[in-house]
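The following pair of complexes shares a single chain, chain A, combined with chain B in the former and chain C in the latter.
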Partner chain A sequence: MYRIPICIGMVLLLLGAAAFGVSLWDGPAAWHTDMRTLWGTPIALFVLWIGLAHAGTLISAIFLALGFPLDRRTSMIAELSTLCSLVVAAMFPLLHLGIIENFYMVVPFLDARGNFANMRSPLVWDCCSIAVYAIASSIFFVTHLLSEKRESLKKMVRPMSWLLFPLVLWVHTVVSLDFAVTFVPEWRGAFFPLYFICGAIYSGLALVIILLMAEHCRVRLLEKLMLALSWVMAAFWLWEFMLKGTFSFEVVFLGAIVPQLLWLRPIRDNSFVIMLVAVSAILSLGLERYVLVTPSEYNVANAFGWVDMGLVVFSLGLFVTLFFMLRVRLRKPLEGDDVVMGELSVQDEESASPVKGELSNNFHLLRLPLLVGFLAMLLYVLWAVSVFPDPMTSLSVANIVPLCLPLLVLVAMVVLCARPFWLVLNRRTKYAFVALMGVAGVLAGMFWAGGSSVAAPGAVSVQELATFKPAEKVWEARCASCHGKDGLFNEKFVREFYPVPQKLSLERLDSLGTDSLVSVIMHGRINMNAYGDRLTEEDARGLVLYMRLLAGEGR
Partner chain B sequence: MDRREFIKACSVVLLMQAFAGCRRVTLDTSSSMPSLEDFVNEVKMAASRSKPGFDLVQIPMPSALKQSGASPLNRFGMAIDLDACNGCGKCILACMQENNIPLSSKERRAAGQFMHWIEMRGGTPSMCFHCGDAPCEKVCPTGAATHTPDGLSTMMYKRCTGSRFCGANCPVGARKFNYDDAVKEGLSRRFNSEVPLRSKGVMEKCSLCLQRLQDHKYSHMAQFPGNEWRGTGVETACAGACPKHAIIFGNWLDPASPLVKAAKRKNIYAPAEVAALDPSVVYLRGNR
Partner chain C sequence: MDAVLNSLCCLMALGSSMFLWRPPRSVFKEGALISLYLVLFMAFSFLTMEGSDATLEYLPLRMLALCICFSVTSIQNHKTRYLVMAQVLWLWVEFFGGVSLVYRGLDMPWTRVVAIGSCAAGSVFMTRISREMEFILMVYWIAIWMFF
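And now, the complex of A and B:
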């Protein structure tokens, strides 16, 4: 079962792995970039795969929330494709970074040195939204998977779909803002969020249609929706052409003209053609993303090197392998007892459509999690605004708004499913979960500690300061009585008094840093007196420099 | 071949391999350091491939920054006098030497990508405009691109993840990305020990010779404690190297600064792309 797709996927993955490896090793120099294109293929692939990842949640969560009749197996396939696409999509922003190991700096969480990610950047919003989206859709998938036999989880599916519904749209809006907030003329436009969402849904639907085809199943509803979206996309492309004059024939042909074949009945009845149409839709969106990310005067097709091609192949191979392997592995719980797939028949439809009482039941379940999520979000916003360290950055609440919904959904999701899951899961899974939380805690601690802080050699020069008298005079007048004229202890002092002053070794000065030393001089610390009333801050800085000089000389 | 011989042969091969492995391998080729002439040649090459010029629009004289943490005393900036500049390109070389800017690899040079912080645009030098309302700083995810209270748009190399968002959002393309490990590939030379060499994968750009300002500030603080510092007498490398004195560095908020004096005599222009972003580096042209 599915041996051929897995084999094809593995071959593609192996071929593409070479390009992936080269890109990891060489960094951004590996793929095509030029004077105007600083991003290139990985970001195009990221946007494409994030778009494809929307289909699953769209189909199961939104259709479920709105009461469309789709059976469980079809939605499970779609959700699985979401998870796999998300894994593929997450690879590329990491690959894109110049220094991959610094990726954690994008997370908007304080570290011990007061570093904070720049919350004005769409990349920060992006990182958070997608992480939350990945967590939320995994929880949704697992709940859906386990819900068949367990009534307590079955109740959770619909409220969860209500939480995921806005999140899906939010995530792609944020992805579109990566482009829309910039100064690049090709990327500007207030219509970008809608444009990206429609493109994402369009390509995602095409992907699900192909995957369902592999199950020997067709869903007319999805095909109709794809046809409708091809018109929406055509409208957007026309709009963009009128606005900026950019137009790509291949994109419009593959994305807007080829799908019109579905109007013809003999063609529509042929599954193979449907598959081709879906592939052409994905191809069109992929091309469109690439053209968008690579605004250049040159012919981009010539610049598309083997690494770029290899990355495309890699993403495809990874997705196919991952999807079909999971599909085989999860065969039993995924298929359940269902034989039927696709749209439900009429009497099923009635049972699936919302009854008046059910909506209020969902609301009862959602009420507390939503409240907790809202409070958590509010707390975070207040904390982030109050703690933001840089006075030169005018951070407004509007900059944090994009993080609000993901945070709310994350907290609400966890609160919603914590109890039912705790009752359902067996002991081993619980232990594994606790261990996982422990690992997360360790990682958070590492984040708090921050990376290495070895200063670049030669960054600070104190040699020239040797000749400056005032700092030396201040030192001799105020500091030398305890710390000694040469920065060592004053021997007499050490013999007569108990509180021994700190050793001012270069290591210690380096580890404390100029700013904290200045604040110690100004405000005092333990046995050290405060000199804020006698010295200005600039004097204190001069003293710190003098201390470094003494430490460097004396020892 | 019997068993004993086979084992012997194997051990001999192993032994030889071990010897081969133990000999000193010279994989490290970083010893080659580019000569000054290489830098001169690259500057000539870049100057010969001048990019198209800017559309200039007239702007008022830069005033204090609007941010709450900004200094009311200092806002450093620069002016390039287009009437005096003849596009000789000496500023580019001086900048490379002051800031240890590496050479570009052959392929990048062929594609017109140089690491130079100063570039020739339509025959005149252009560098980062140090916009007061800098778009690059807004999109930097980690806060590596920040503004100092003194009006410099600065880079924290240690904090940079190389997401290149700032580069994409710079309207004039003043930011340069370290695609290659210049030290390893023998493309960089440490002319100035005060400035760190940038590692592969970080962004860099004109810093308005931050190190000179910083040194001057600290020596001023040590020399005249309590006295306010206005950066009087500091000059960037490019300004110092200009034979026509077309590049003038100074403090926009200090009426005694040469920059303000020069700007009062002339009309002030900025590229249309950044004119609305409150640039600190401007062009001067035509007597007022």
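And now, the complex of A and C:
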């Protein structure tokens, strides 16, 4: 039954693999990049796929949490699509960096790594939140998958859906902040959080509708929701036009006008046309993401080269292959004894949701996990407040809050499912679970220790400054991540976190003077972090000398 | 925004809430009404506010969130659940809209965020919501909108 989609997926994957390989080899020069935002096709694809990834679990979790009548097998298809979309989405930030081996730089291990991750950047929140979302979605999927035959897991599914429901909205909101907090005029938008969430649900609904078609199943409720969301999206596009004057006819036509065909009964009754309408919705959101990420280029056809098209084909092929191979592999546990799919009848709904007052009934299962999660969140807040005491580097509440909920949900989810899973796991898996928890503990410890703002005991001494070697070490450890090893910073990397720093030139260094530069290093300035709590004044003077050396040698 | 326009926004949200979630309910009716209100609030904000005021960007969403808060008081089943969810939506719009603007140099509306958050948290523990309590909640929301 699934051979044809798997074959199509593999063909697409192989076709796109060439573009993927070229992109890996050539880096950012290979694809179309907006010269103003320095973002291009991989980021547009990342935003599209992460949106699609959010919808599956969101639909399943919302329906489960609110007791809507959706069959388990249908929910599981949606959840599986989430996991596959996440894998596809994860490829593109790595590709975009151009230096895949340095990906760990985004993980906020702070000083433990010798480089400073900017905790005020939404990109860092994004990385952490999506990682938590991937873990939570996997746990939810496995619990839901195994719950058919195990009563202890079955009663965990609904409380888990209450945890996932806000998380998925939160994570996509954080994705929207990647744009909303910047100074790019086209990305101005305090309305972006809700706009992104609606867009994600809209495109995700379309994806789930297509995947259900492959199962020869239609869920009218999802189709109605998709149509209703097309109106909401049209309102958002209108608002964007009113605020910024940006308008893309293709996006509005495919995303807001084509879905209105569903008003016509002959079209509504034709599965193939419904599928085309769903494809149109995804295409519209894909184009919209592309226009958003590369605001200087409105004509997508002009901007797209063969590599850009190949990356699209690659992502599609990877998703289709992965989804249908997993679908075949998980056929038995996924389908269980179910013969029906889609919406349940009213009688089924009542029998499927015996819990009436879900807030109070789920509360006794959720209270301990939530308390432990809340405690973990408090620890994080205390850590974040105490680790950056300097006014120049301190985090505001608005910088700390975005990671609070993901942390709370992650801990609560692990605590919630630890006992039921312990009872059903075999010995080997138990050992693996304990080892995994140990690794998680070590990582948490590294995170905590790594945040220390006290200078390491092995810090560069004054005597060692007799040569440039120690200053070079300090430069490479503290400054090179932004200013570059040779003082000619990696502009592409830096602009995503900060505005571009000044280039080193002897004239500029002379005009500023040594004392002024030492002061900037010690106390920070605008976007330059203060290093007074980690470097001595002698270290800073050594750095200024080294900067002069770089400026003299480099130019 | 001056007090008259602010109260007009609140009045529009209150008036619009009359028609949401009224039986017979359907996905189409509620979806169409929400989209229509969104367009209406957008047009109102666009025409009455200055384009240079960054808070204009999320004013229509704030109005919609307030409208949804008012409207859920008419729901009979699972009222507590929907009340909490509506207030969390408002909190969401205020908080993340505020975070976006903080990076552009505007102040975070902390008093408003805390007021909505505490009301939403308190609503979780309401087992029965009488008509009097609904009225008090609506007055509280109007006070948050007008004064914070």
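In the analysis below, the second predicted complex is superposed on the first by the 403 of 555 C-alpha atoms of A that agree within 3 Å, B and C clash if a C-alpha of one lies under 4 Å from a C-alpha of the other, contacts with A are read in each partner's own complex, and residues count from 1 in each chain.
Everything below uses one rule, namely that a contact is a pair of C-beta atoms (placed from the backbone, for glycine too) under 8 Å apart; a residue touches a chain by one contact, two chains touch by 3 or more.
Note that the structure is predicted; figures quoted are calculated from it, not measured.
Looking at the shared chain after the overlay, A:Trp39 reaches chain B, while chain C stays out of its contact range. Looking at the superposed arrangement, the partner reaching more residues of chain A, out of chain B and chain C, is B. When the shared chain is aligned, no partner comes close enough to touch A:Leu205: not chain B, not chain C.
In the superposed model, A:Val181 lies in contact with both chain B and chain C. When the shared chain is aligned, chain B comes close enough to touch A:Leu97, but chain C does not. Contacts of A:Val520 after superposition on the shared chain: neither chain B nor chain C is touched. Touch criterion not met for A:Ala256: it reaches neither chain B nor chain C.
Overlap of the chain B and chain C interfaces on chain A comprises residues 181-183. Here chain A touches chain C in the complex through residues 66, 166, 169, 173, 176-177, 180-183, 188-194, 221, 224-225, 227-229, 231-232, 234-236, 238-239, 242-243, 358-360, 396-398, 401-402, going by the rule given at the top. Note for the complex: chain B touches chain A at residues 67-70, 111-113, 135, 137-143, 146-149, 157-165, 167-171, 173, 177-180, 193-196, 199-203, 215, 218-219, 221-227, 229, 273.
The part of chain A that touches chain B in the complex is made up of residues 27-29, 33-36, 38-39, 96-99, 102-103, 105-106, 115-118, 120-124, 127, 178, 181-184, 390-394, 451, 453, 456-459, 461, 464-465, 468-471, 474, 535-536, 538-539, 541-542, 545-546. The touching residues of chain C, when paired with chain A in their complex, are 27-28, 30-32, 34-35, 38-39, 42, 46, 51, 54-58, 60-61, 80-81, 88, 92-93, 95-104, 108, 110, 124, 127.
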